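As structure tokens, here come the structures.
What follows is a pair of complexes built around subunit A, which joins subunit B in one and subunit C in the other.
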Partner chain A sequence: MTSLQKLTTLARLLSLRQQSRTELVNATRNYSVFNPTYVKPVFRPEEQEALDQEEELKALSLLPIKPAFTDDTSSEFYDKQVNKFINFLMREGKKETARKALENTFENIKRIQLEKYNKATDPAEKEKIELDPRAILRQAIENSTPVLELLKMKKGGQTYQVINDTFHIQFEKLADDALFCCIKVPVPLTEKRAQFLGMNWLIQAGKDKQMKVHLSEKLAHELIDAANNEGRVIKKKQELYRQCEANRSYAHFRWF
Partner chain B sequence: MAVSQRNFIKLLKLTNLRQSSTAAQAMPVHEDIHQSFRTREDNPEYHGMQHINRIYTIPNNDLKMITCQGLITMYMKQFKTFAEASILVRKPAVEIISYLNQADYSKPVNKYVLYGEDGTGKTSTMLHTLHYAYTKGQIIVHVPWIRSWFDGPKETANSITKTNKIDLPFHAAAWLRNFKTQNQHILNKADIKLSATHEWSATENSAKDSSLMDMIDFGISRIKFASNVIIKLMSELKQASTSGKCKVLVAIDGYNALFSQQTNIFNDNKQMVPASQVSLTEAFLDITKSDWCNGQVIVTVDKMATKENAESHFPRYLLTNEGFDHLDPFLPISVENYTEDEFNTVIEYYKNRKWIRNLSSDGQKELQLLSGGNPYKLMEYCKHL
Partner chain C sequence: MWLTDKLFAFRAPGRGRKPQPPDATVFQAILPLKLKDRVSGKHDKSKAGDCLYEMSLVIACLKENDYENKLCQKEVSAFNGCYKKYLKETAESKAAQQKGILVPGDRNMTRKQISRLLKIRPML
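For the complex of A and B:
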């Protein structure tokens, strides 16, 4: 680092400090309680075993380790994707409520599928019916996860800028809004964003219901539909793809 | 006719040699034979220690008759999902059934009180005994959950005959209707006549020596008098069974609700009414007295049966002094959590019904530790697997 760079960073830090002093009244500690030397905990038994085999466990045991989160368990029934879905389902930090809602959804899925299973007479037909609610959730997410997305972009002004930051396109505020019209640019998604969209569409479909119907009932049907590659969420994805196809001529805008 | 050697071999090839030979032949084995966790004995009368820890299935027709008064939704849901009504043969049920088989019916009624922690299976045990009573052709006086009357009654009315008493006309009429469908076949056969004239109002009465069924029909059609009809019905049933016309099994779930001080029923002054001031309470206290014979009384005491906070699940605490004095003498029967054998049987059953799949031994251990062998908790933990 050059001396100039050091100076500029110092100046920025000082200005930040001043800023925080002025806001001391409602100050919240947004930084981690733990020193950066602390490492993330490894809580899955299979990961621990793998570390043990590679003889990394001994080195890790000497390091300070952060405590695990409450939903990080070594239970046999732990599922990372299910936990993620619960977090997306959660509102106002009520994790227990969200977890119960998803558990009830799983129960409803099982009841619906078991009823089909018991009704089916042909053994080959019976085998086709998926009874595992986690497998159904996994399949539903896989089926409803999009690859492309449409981004709104203002075009026609004198100054516009597209910052291509690993596919996250941000547009700087433009000078004169009145002159611009919106165009939609098809953009490929990161894995994280795609997963977020897939899961959230499922949740939105589950929440679009009458007041009397429980979320767990509606969501169960939506998940089963999506797992079978049908239903509203799949339609939504296909509609998006259709629009992306129509707007393919704008695709080059993301390289600006 | 001589058959050439060549033709004979051809003939042998055509006919199924296996069937004509005496060698052992592979038969298609029915799936049920391998299910060691089940018992085929579906008559609870013969259930004994040899059937313990096994699962037995209540025949569909029987279930319909047993559950006329309704059952907790949880049970009906599970029976529907599993496409059969199966319950575990457990020690308390076998104990009661053995008592019921051996009891001297000429003596005053025996009273059995089922008690245990929440979710240990008191209602299931009662369901088992109800099936016993049904197969034995006894009249069933069943209340599935007393608290449901006191919690949020649809309509309340002041009693016509007694001051300070409250009637629950809708609940009373519904109970009577269910009682009729449940016991119609026995009541018609026994042909019970009324022992006295019961006057309902200035113009309406049930005359002496008229049929008991007529009185029940009257209660159903004139719901204003349904509560009073139930009170009289209980005394008539007691007399009929004492005279040997019929046998009666009384099964009341959440019996300690009858002695609770807190209900959701309010009188004209908008004051809360204790359970003792509800006219239906009188009827079911009456039938659990010891002044009749040729019947049996099975009740459960439950922490959740009253609005009050319960600290203990023992009958001495839940029944309170009043209830204890009323019910005494009774035989307390404890219903406890699953033993290890019972737990394994239930897990086997769940696997068989595909309720849980791909459960490793570690997973099973985890479930056992989480639930602590509590049947309800186990069911809850298995729901989403």
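For the complex of A and C:
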């Protein structure tokens, strides 16, 4: 066998391997093939233990169970919120890229916080500095999650314009100019929606940057700022509250 | 008895149009002259309570604390609880309406319930 032949066979083998990989990835799309009688898997050890103590595990073991997703692991490093954040960060289904971006962000956060820690001279001040990037992400999400939102409503034949994007000041000015013809209705949020808004604002803030700057650098700073309850995302949230307060007289449109 | 044509029989010239004779248009009952055994009712509204009071408390608290929702934990949790209850109640009432279950002694019936009742006991 010549070297060229060897190369071609190797290439063919590699392509075959890749094909099987894509098939594996596509297999997750077919999750809906399972009958609704199938039960969602319990993959966390602590949840399984809790079920065992309540003696529900035995009943559950007799039921048909769906397979767990690839990112639903019993690993010690599993974090539901981090997984959700990765999914919101993901574009075009490139989960690997999104995950790497967040990992780099964590690395940057660690570097920034360690630098702060080493520069600090006062031991009391040193204690206050949070070094765990996951804890910082958790804190940032908690701080940036809103409790109210503004909703678009059509009432009395007029279409009321809603400018929910307070990131861009020019949009806000537009809203002020057209105030006499527009209303915004403050509405409550479901848990899911609130979580989405908080996470998405952080991601938007991370993406609002120059082309030269990496997402992981910008996002790291935004996350640290939000964890300290300051910065653009927190300002955006407070601006939303301010608008809700200004439009509180329209609140009844949500229910009537 | 129609009097209009009799009264206007002797019209002065140039005093407008002559009234139409009553036989010119005869009423025709195209559809049967009775109501149908169903109601459309496009504006069914749920009777679940709103959370306006809770929301006003949250907004007042936010204004007081310089728009920092961490300091309004009590108000926010009450508000969220109310909203959850509201969502649950609306979902339940909607499901009941869809089914059109008849409840004996129910005074405020939904359109589905009325239609169902009329189906059992049609109008004479």
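We adopt the following convention: the second predicted complex is superposed on the first by the 200 of 256 C-alpha atoms of A that agree within 3 Å, B and C clash if a C-alpha of one lies under 4 Å from a C-alpha of the other, contacts with A are read in each partner's own complex, and residues count from 1 in each chain.
Keep this in mind: contacts are C-beta pairs under 8 Å (C-beta built on N, C-alpha and C of every residue); 3 or more make two chains touch, one makes a residue touch a chain.
Remember, predicted model here, so these are calculated numbers, not experimental data.
With both complexes brought onto subunit A, simultaneous placement of subunit B and subunit C is permitted, the two fitting side by side without a clash.
Touching more residues of subunit A than its counterpart among subunit B and subunit C is C.
By the document's definition of touching, of the two partners only subunit C reaches A:Leu148; subunit B does not. Within the superposed three-chain model, A:Arg248 lies in touch with subunit C and out of touch with subunit B [touch as defined at top]. Once chain A of one complex is fitted onto chain A of the other, the partner contacts of A:Val213 are absent, as it touches neither subunit B nor subunit C.
In the superposition on chain A, A:Ala50 makes contact with neither subunit B nor subunit C. After overlaying the two complexes on the shared chain, residue contacts for A:Gln238 are found with subunit C alone; subunit B is out of touch. In the overlay built on the shared chain, the residue A:Glu107 is in contact with subunit B alone; subunit C does not reach it. Applying the stated contact rule after C-alpha superposition, one finds that A:Ser75 touches subunit B and leaves subunit C untouched. Closest C-alpha contact of subunit B with subunit C, superposed model: 27 Å.
Within subunit A, not a single residue is touched by subunit B in the first complex and by subunit C in the second.
The touching residues of subunit A, when paired with subunit B in their complex, are 75-77, 102-104, 106-107, 110-111, 114-115, 117-118, 131-133.
Within the complex formed with subunit A, the subunit C residues making contact are 50-52, 55-56, 58-59, 62-63, 67-70, 72, 76, 79-80, 83, 87.
Remark: subunit B residues 77, 80-83, 353-355, 357-358, 360, 362-363, 366, 383-385 touch subunit A in the complex. Across the complex, subunit A meets subunit C through its residues 143, 146-148, 186, 188-191, 229, 237-238, 241-242, 244-245, 248, 251-252, 254-256.
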